[in-house]
Amino acid sequence: MTGTDIRNLILSAIALGICALLPLSGSGYWLSIGVTIAMFTVLATSWALFSGPTHYISLATAAFFGVGTYVTGLGFETLPFWSLIGIAGVIGAVLAALVGLATLRLSGVYFVIFTLGLAELVRQVITWFQNKSGQKGLYVLTDISEAGIYWMLLSLATAVFLTGWLIGRSRLGFALRIIGDDETVAVHSGINSALSKVLLFMVPGSVAAMTGAILAPRYVYIEPSLAFAPMLSFQVVIMALLGGAGRLWGPLVGVIPFTLLWESISSNFPQQTTLLLGVAFLIIVYALPRGFVGLLDDLRHRTRARMAEGVA
Amino acid sequence: MKRRTALKFAAALALTTSLATGAVCAETIKIGAAAPKTGPLAGGAAVSQWPNVTLWAAQVNERGGLNVGGTMMPVEIIEYDDQTNPGETIKAIQRLATQDEVNFIVSPYGTGLVVAAAPIFARYGYPLIAVSAITDQQPALSKQFPDMFFTLGTTSALAEDTVKILTDMREAGQLGNKIAMVNVADAFGIELADVARGKFNEAGFEIVYDSSYPLGTQDLSPVIKGAKAAAPDAYVAWSYPPDTFALTEQAVIEDLQVQAFYTAVATPFPAFGARFGAAANGVMGPGGVNVDDARFQEYAKAHEAVTGAKPDFWASATTYASLEIFEQSIEAVGLDRKAVADHLRTGTFDTVLGPISFDENNNNQAFWTVGQWQDGVFKGVASRNRDGSVPVILKDGWQ
Amino acid sequence: MDILITGLLLGGTYALIAMGLNLQYGVARIMNLANGEMLVAGGFAAFWMYTAGQISPFLTIFLLAPLTFVLNWLIYRIMLQPLVKRAKSRGQLETDSILATFGLSFVMVGLMLSVFGGDYFNYSYLARPIVIVGDTFALNRVAAFLAAVVICGALYLWLNHSRAGLSIRAIAVAPDSARLVGINVTHLAALAFGLGGAVTAVGGALLSTYLTLDASTGVIFTLKALIIVIMGGVGDVRGTIIAALLLGIVETLVASLLDPGLTLAAAYTLFILILLFRPQGLCGKKPT
Amino acid sequence: MSNTVLSLRGVTKRFGGLVAVNAMDFDVTEHQVMGLIGPNGSGKSTTLNLISGALKVSGGEISLRGTPITALPAEQINRRGIARTFQLVRLLPSMSVLENVVAGAVFGHKRRWGQDARRHAETLLARVGLEGKGHLRVGQLTYIDTKRVELARVLASDPKLLLLDEWLAGLNPSELQIGITLIKSLRDEGRTIILVEHVMDAIRSLCDTCVVMASGTKIAQGTPQQVLSDPDVIRAYLGDDDV
């Protein structure tokens, strides 16, 4: 048991090391794809940490992300960059806790749309303040390089995976699996489901805000319509679900092929990008009903069955 | 509609065939372009950005290409849709620079997207001639990105000249002293309103209604009704495309009686004139052109022939001019990007808008600031260092 | 009074945006993220008919309604029914339908882009003032409002008094029990989905008389429709109408009396407050 | 009185205008099995839901060993030592049989974690007759085995009081015997149990005392023999006409 754990840890560390070398390859192109993959891995994995076990589909990613970009946008001239990431994380977590407390009573699609409305509300309020204060568009002119951003995202991804792994082994993680299976059983087994969910919801909130803070220098120009674009929330959900939200590594196997597919469609069919992306979505939904994780599981079962047959 | 689509299709076909044949006979110059085809800014890019790229490439190739050190090299356009998403813009520019290895890249569309792409342009040494990026941050930006140039003017100039036009009208006794001002609550609108507010106060105007509305508001009648209740003499809206139409329509319906009526982005679009017909007469907006200038007329004719649509009266010609600047620089110094960038800094370029050169902040000093619909065309009424502005007329009702 | 009427008119607009989605989600259980694209497509059709043939949008809708009904019925039968069949749980269907209709919305944007281009489109239709109790309003908005009243009224009567309508309501309230009393759920879900799509497209045609649209704007309407449907309570026509009108009035109140800059903030605050105090929406049934 | 585990005083539950449970009073003594019986719709399950915190009372007080638990949320009630099964068996479908039992051991009255919890769960599985089946998925179990898993889960937190909601319902005659024997063995261990049940044989052989409900009200209390011969009880079960 622990043997496998150690093996997995070592393998992950090696994989991480290889990923960390990407900027040294000198290809800015692959680096920019790497940044995209790292960004969505962070967002989708942390999203799935909450949504996987609880089955709540949150569309609030853009809200937290946008808040994070604004933290950097407003503070990068006065505070060191690393502290801004921390501040963004704290603000994201606090915001998520508030949202979590408010949304406990909602179920299913009501929660989905609530989070969507929340993201829009945050955006409207920030816009309004910006307007009242006569604050212009924020220019984040820094000398932080793309490689720097990539490494920061990679570290954040590592932190997210470690958090996920630790949660998975903790009572909290076990509680959440029970809640996901049957919330009634959970509360009658002594689980404070409300508290567990709020605690867990703080993870994607905080992580998305930190991601926004890290990426702000890349976008240079911060304005509400770009920072809070609702498309981001949808992309995260889609990638996590395509991968499979039930496993810690599920979103990762969704993000990588999906980003590459997106990239290859964008580059090869510039006139029909949107159309073909849509078609690709549909094909994936119909061909991979349980996401890439489901596909891999099926393959594994099949080979195992075949091996068992061989033995018999 | 059908005819237009057919025309577009024919143009596209002609372009591809010309490219195909071009590719056979000589080495091509690859020009990259990434701008929205989908997403919130797609509507604007479809008017001001994409048709000009198509037009320019078609014209250059019709001539046999660009003269690079004596050889005629046709141009090949590589287009990407950035989906109005800065992340996608960054990826697309990266792709153009490193995978397609294009010679030059046309500026993206929209302040946020242009500025997001600027570091990539800088890293790979591509000069960036920004068009649809209006900002007062030009000194800071050109300091950080020395090869970034600006063509469409500054926020301050747009706002200042609008105030100046109204001030002149007041001095001439045509206009009272009361201003109603609204702005779309987005970086662009906020910045313009902020500058204008100060200038209006400075000029001794009384702002009787000052308000903002969020992007995506579906009913702007309260904004017009509120302004109307304040009985202004002039109405100024720092607006975005869908709202520009909605505000003007509401003004028509409410019969807002003002001597000057100004709406921002999309006012110079041909669709605006088509939509409001005679009611558009006297409506002011940003930009404008010298419509009597033969070069512009020739450009507009070619634009319609090749792309099936009329150019707008602001960013269209400037976008085209930015390509002419590339064209002339390449023909002057060749395909070396560093040399082209240096040439941009020092040269003067002869464009559809007249001569263009860049100052020490990489800023074009000659641009149109205010235009006005007069008899079905959007004529320039105020500019910085441009000739051919016409006198402004009073907004005389909506019929 | 002026504010009230302006608010009601805006509410009518919102009802047109959200009514179709309510039918689709409430009955067919499909959270249709391509709803806004269907609306824009309806607007495109009206625009095209008007500019090409000077045909009034109010006539176009009679052609549009059956066409889009069939189109949406087919979408349900071909695309969505397999998802419904394979879904083991409500949650899985929700996930699958989000993914599938998200893809569909991309496809529709792509199609509209290639057919009509990315340009803004609008036209002037009934852009005349009309005076109601001493205040002026846009005739096209008033006309669209009246059409919304007719559509919502007809839907309400149909759902409450016809056999098919009652069956549809039964499905919305209790799908499993409906099956037990001999209601053909699959058939009626397809019917409701088609009907919802048709209502949305007709709404788009009416909205196009006063809103400027382009191929990519659909998502704005989808978001608004989702908010309204949830606010009103899933599967309840009255709830959607009340929510739409309430939203219209609140937005207009805030815009007129407080600050137009806070309109949307107020709208979302209202939405969030309603959900906090009535988690099932205004008229929704409490989940057991 | 010191060995009273649970007591209800005037416990009432209203759903709108409907009074589902009306002023219920009863005590449960330690090491006793109490049967809560009555015709369908008489309010037995509602009473159980009130005790376990699944529903909030409209009036009255419930106390556990003298401490009021009336206003507590369900998880707090569980942590204080009341564990329940459900009328329709509720297992955790994504987990193995063993994990289902561990789920009851981690957060409840007596908390265990890690190897300790697993060992405890294995013991309990053996206790309910599922030795060696811990690795199975719950979907692979027979009906009575799912009931056994649920029983093991509620036992896992060493509760002071067990609430079994029609645990024997739906079993075939041979399974029923097994089930009755199993619960009898729990009684013999000295556990305190409230049993909501319809199966009369089981009530006779398992219960030390019974509370009979009809239309939300307690109509009789006593040993099984006493209450089952009470004319009020017979009337409640069979209807007025037959008397």
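By letter and in written order, the chains are A, B, C and D; residue numbering begins at 1 in each of them.
Definition applied: a contact is a pair of C-beta atoms (placed from the backbone, for glycine too) under 8 Å apart; a residue touches a chain by one contact, two chains touch by 3 or more.
Since this is a predicted model, take the numbers as computed values, not measurements.
**Q** Which chains does chain B share as contact partners with chain D?
**A** Looking at chain D and chain B together, the chains touching each of them are A.
**Q** When you check each chain against chain C and chain D, which touch both of them?
**A** Common neighbours, chain C/chain D: A.
**Q** When the contacting C-beta pairs are counted for A-D and for A-B, which pair yields the higher total?
**A** A-B
**Q** Please identify the chain with the largest separation between its CA centroid and the CA centroid of chain A.
**A** Most distant chain from chain A: D.
**Q** For chain A versus chain D, what separation do you get between their C-alpha means, in angstrom?
**A** 43
**Q** Please work out the Cα centroid separation of chain B and chain C, and write it as a whole number of Å.
**A** Result: the chain centres lie 35 Å from each other.
**Q** Nearest whole angstrom, what separates the Cα centre of chain A from the Cα centre of chain C?
**A** Result: the chain centres lie 31 Å from each other.
**Q** Enumerate the residues of chain B that touch no fewer than two other chains.
**A** Answer for chain B, listing residues that touch two or more other chains: 37-40, 185, 212, 214.
**Q** Can you list the residues of chain C that touch 2 or more other chains?
**A** 109-110, 113, 259, 261, 264-265
**Q** Run through the chains and report each pair that touches.
**A** Chain-chain contacts present: A-B, A-C, A-D, B-C.
**Q** Where on chain A is chain C touching in the complex?
**A** Counting only chain A, the residues touching chain C are 55, 57, 102, 105-110, 112-114, 116-118, 120-121, 124-125, 127-128, 131-132, 230-231, 234, 237-238, 241-242, 271-282, 284-286, 289.
**Q** Under the touch definition given earlier, write down the residues of chain C that touch chain A in their complex.
**A** Counting only chain C, the residues touching chain A are 25, 31, 33, 79, 82-83, 86, 90-91, 94-96, 98-100, 102-111, 113-114, 219, 223, 226-227, 229-230, 234, 259, 261-262, 264-265, 268-269, 271-272, 275-276, 279-281, 287.
**Q** Touching chain B in the complex: which residues of chain A?
**A** On the chain A side, the touching residues are 27-29, 32-33, 36, 39, 124, 127-128, 130-131, 134-137, 139, 141, 146, 218-221, 223-226, 229, 231, 263, 266-267, 270-271, 273-274.
**Q** What part of chain B is in contact with chain A in the complex they form?
**A** 37-40, 78-81, 83, 85-88, 90-92, 94-95, 97-99, 111-112, 115-116, 118-120, 123-124, 135-137, 140-141, 144, 183, 185-188, 190-191, 194, 212, 214-215
**Q** In the complex of these two chains, what residues of chain B are touching chain C?
**A** Chain B residues touching chain C: 1-2, 5, 8, 36-40, 42-47, 50, 84, 182, 185, 211-214, 216-223, 225-226, 241-242, 245-246, 249-250, 252-255, 266, 269, 271, 275-277, 309.
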